[in-house]
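Report on the following structure.
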Amino acid sequence: MLIDFINNYLMNGIVLGCIYALGAIGITLLFGILRFSHFAHGDMMTLGAYLGLAGVWITGQPVWIVLPIAMAATAGVAVGIDRAFYHPLRNAPTIVAVIASFGVALMIRSAIQVIFGVEIRSYARGFERPILLFDAVRILPRHVWIIGLTVVLVVGLQLFLKMTRLGKAMRAVSDNPSLARVTGINTRAVVIATWLIGGALAAAGGVFLGLDTQLDTNLGWNLVLPMFAAAVLGGIGQPVGAVLGGLVVGIAEELATYPFFGGQALLSPAYKSAVAFAILILMLIIRPTGILKGRVF
Amino acid sequence: MSLLLEARELVGGYGGTDILNGVSLSLSREEIVVIVGPNGAGKSTAMKALFGLVTVRSGTVWLDGLDVTNAAPETLVKRGMAYVPQEANVFTTMTVEENLDMGAYTRRSGIQAAKDRVYTLLPALKAKRRQPAGELSGGQRQMVAIGRALMVDPKLLMLDEPSAGLSPKVLDEILDAILAINRSGVGVLMVEQNAKAALSMAHRGYVLQGGKNRFEGPGPALLANREIAELFLGG
Amino acid sequence: MISDANLGLIMYAIALMNIGAIYAILSLGLNLQWGVAGLFNAGIAGFFAVGAYTSAILTAPDSPDFLGGFELPIPLGWVGAMIVSGALALVIGAATIRLRSDYLAIGTIGIAEILRLFLKNEEWLTNGVRGITTVPRPFQFDQPLLSELSFLGMTLTLLLIAYVAIERSVNSPWGRMMRAIRDNEVAAAAMGKHVERRRLEAFVLGSMLMGLGGALMSQYFRFIGPEATEPFQITFLVWVMLIAGGAGNNRGAILGAFLIWAIWSMTELVTRQLPPDWAVRAGYLRIFLVGLLLQVVLQRFARGLLPERIRQRIRP
Amino acid sequence: MIAVENVTLRFGGVTAVDHCSLTVATGKITGLIGPNGAGKTSLFNIVAGRYKPSSGRVLLDGEDISGLPPHRRFEKGLLRTFQIPQEFSRLTVAENLAMVPAGQTGEQVWARWFQSGRVAADEAALMERVTEVMAFLRLSHVADELASNLSGGQKKLLELGRTMMARPKIVLLDEIGAGVNKSLLAELAGDIKRLNTEQGMTFFLIEHDMDLIARLCDHVIVMAEGRVLTQGTAAEVKQDQRVLDAYLGGGRVSA
């Protein structure tokens, strides 16, 4: 019973949570530094996933090998998108950039649909034998990879933000942009770094999701809501909070379908994504600063 | 005595409205110079104009003989000008040490030496260096803000109302620190509401009114001027 | 006599006008929310769908596939659509309206997505993915041209009523107050205006128009299915229409709707000429271009073709 | 009329208002002065309902209004102006004024559908009042200008104009004088005095211009470090050594 719970629900929840976390970090960083909600972030994940697919097709290597390439390429595209579509709007009210991000979301998605078509695809992947722990807990190797790589990326990001000059500058701009300017911080470099990180992590999240399930062109759009829920839950502007928030939302979504009482699922699996929304609304009403005291809108 | 900063006939303001209608001032490297004046006189605006935060529509600013009118803050920081804003002048989510690191953002070397110097000048900061600046008291924050500005080894330190919201005792500590900084060879330009405290320690002072120079002279002399006292309590 | 080719063209033009008019109603609703009250509704599709399904269920004949068999008169379908959409807006607005607009956007996206799941999964109510195919349409004659024209007369009349009603409200102390709240809510509250309640009013009214638009669309096509709630088809297109036409200006909202719809449909004429395996992709290319169009408008014509008028005077 | 009882306001670690108590008498003009950072504007924000005090309460005519939102306080006759003018930027000057009066028929969304005549009649009367106020404040020539295009001084006038439109019982004026030229300020002072004596309007104002304070105020409260330092008539306060210190400088005498 407990083992079944862990194997079929908790593990899935953690994996999903990792994917949400990778996207939510970008959303939260972008909000902290550029001060607008980036609704195209989900589609940036789709882009990463499909660039990974292109990499697999071209090189014939497994997706793990092409992952860094997909991340780098997506990061580059993210910087280009900023330059073309968000930078010109920097002096307009922030809400204009939010509207633009909806347009960008659509452009990314339709570009992918034009290039790759709308068929459901997958990275070539053989049958995976679960790893057996303590004779009871079964973990798929790809889940180990996803969780492990997420930990590596998150720890790496945290080290970057805490230790490096540029990372600290990012935190400084997020904390107080006008003081950052007065201090002589190069805001342009900070903005580029933010897009590079946001794009790269989004790509990783997209590839992981494509790997765990399948690739379709709406993959990222469907993540937008849970990722915003995660960012708000963790506290806007707080990368660690976004990770926690992602895990909470991911696990909550999976657990919501667990038959806690008798044989009936607590919530029909069809309504999984409503869980994120419920968490979001609840959070906005009860504690808009999030778990880690982020910025209030 | 060579001039470190000279500003001549500055006119400018935000958007379309001019707040400065011809402000001139100068300062040498050895000096503490204070700008005082009633509310709305354009004191803070004048300082922001020197630091490139307010557009100067006419007039010139020279720093060390170089024309820096309307230069970007980033450039000015690199040329040895440091500015402490009046409000929100620390990164609250970062530790004291990280605030100092940010102050050193434009420099590549000598960061540790600069930090040591700040800790010598502002010893109170050393004990707090791992604490987030947002958790500090008003006076301590002001110290952090000054320390952050000192990290570039500035030739000129500009402070916008360092006394705002501080109790007299804490203010004394801040002013003592400013004196020590000046003695270490940094020119200091301050805007102050607290004219008595500021003028009593300054080498020279400027009194602004209506965005123009009204009086100027040695600090104590201005302080003794009855007309200036009247200006503050309404003349 | 009208030749077949000409007839086809005329039918096409009328269909274009019909759908354009329905979009214009949606765009007017969004203008009330965004242009006048500054409320960022990113879930237009949700209110649209609720209106469409409500009216379909209220007016369709009995069927074992979905709830219904009420066979109410069509105007009652509109009223029902508006009431249910408005009630939904009241509930979602009550929870999120006091938050910054980004949050309202997230909140409304959430509602729209959940509604999409709901309409897709609750087969007893909506017939699931197959949708409701027996939505009655008014003015059905033997002559298709006559049917189309009569329907157009109806949609244009409803659009006119909506326009006059909204224009009157906007050009009145109410509209002045809403614009004041949009510009500076702190000051508006200090001037004694109940900011949250007033915003909610605009939000509910706008959503009711969106519900009406949904009802009309389902009647025009005699069908409503869950794909109609796809964010692109409704939410995004309506946003582009309003921004291009001119947020804050009701005539701009209407102009934008007809114009963007015309551009959108006419590009379809081009893609229809392509070989079938290209046609699908070209469809997505069209969406890409609409996205690009929005960016151009935002960057170059941020205030739209007919910008908000200033110096409005309230006249009897 | 207004009683602030033991009010404290903290932002994070900073105490902006520290166990402050004061009263504003009905029918009088009360001035609030003090150095920058003394907590004057924070106190105004508490009285006006923008901020909730961390502790303590605010009474209006004996009724506890600490929990009421700003628009409810407005209904009770309490109105404030802002230090930094808060105009409705995309409304014209006339519209900025016309939007103020509460309970306009036309503020109902459907009023123009069913009661158009009444709305128009109300509006005509309202516009007369708006025209009066604009003439009074020398804003007539910019009546149809967008408020965002006004100069700083004109925006101050607009703030005062909104006050006149509302006819409240008590007005909180936050630095109405800053950025307004001397001759206009003198007239504004005259207007405030007249509104006070003729209509019995109570004023509570923050001001830095001691001249204006001396001319207008029946009672002056001096704040420093979040508390009331002293109070009395303008002349009394001006002689107080503590006030001179707080304004012209603290404990430091030598350097």
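The first chain written gets the first letter, and so on, giving A, B, C and D; residue counts start at 1 in each chain.
Please note the rule applied: a residue touches a chain if its C-beta (ideal position, glycine included) is under 8 Å from a C-beta of that chain, and two chains touch if they have at least 3 such contacts.
A quick note: this is a predicted structure, and the numbers were derived from the prediction, not measured.
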item: A-C against B-D, pair bridged by the larger set of C-beta contacts; value: A-C
item: Chain occupying the most central position, where position means C-alpha average; value: A
item: Chain whose mean Cα position lies farthest from chain C; value: B
item: Length of the line joining the C-alpha centres of chain A and chain D, rounded to whole Å; value: 48
item: Between chain C and chain B, distance of the C-alpha-averaged centres to the nearest whole Å; value: 56
item: Rounded Å distance, chain B centre to chain D centre (Cα mean); value: 32
item: Where chain B touches two or more other chains at once, by residue number; value: 92
item: Interchain contacts, given as pairs of chains that touch; value: A-B, A-C, B-D, C-D
item: In the complex with chain A, residue positions of chain C that touch it; value: 40, 42, 95-96, 99-103, 105-107, 109-111, 113-114, 117-118, 120-121, 231-232, 236, 239-240, 243, 280-281, 284-285, 287-288, 290-292, 294-295, 298-299, 302
item: For the chain C and chain D complex, residues of the former touching the latter; value: 165, 168-169, 171-174, 176-177, 179-180, 182-184, 186-195, 201, 205, 308, 310-312, 314-316
item: Sites on chain D touched by chain B in the complex; value: 12-14, 35-38, 151-152, 175, 178-179, 208-214, 225, 238, 244-245, 247-255
item: In the complex with chain C, residue positions of chain D that touch it; value: 48, 50, 69-71, 74-75, 79-80, 82, 86-92, 95-96, 98-100, 102, 104-113, 116-117, 119-120, 122-123, 144, 146, 162, 166
item: Chain B residues touching chain A - in the complex, by the definition given at the top; value: 51, 53, 73-74, 76-78, 83, 85, 88-94, 98, 101-103, 105-106, 148, 152
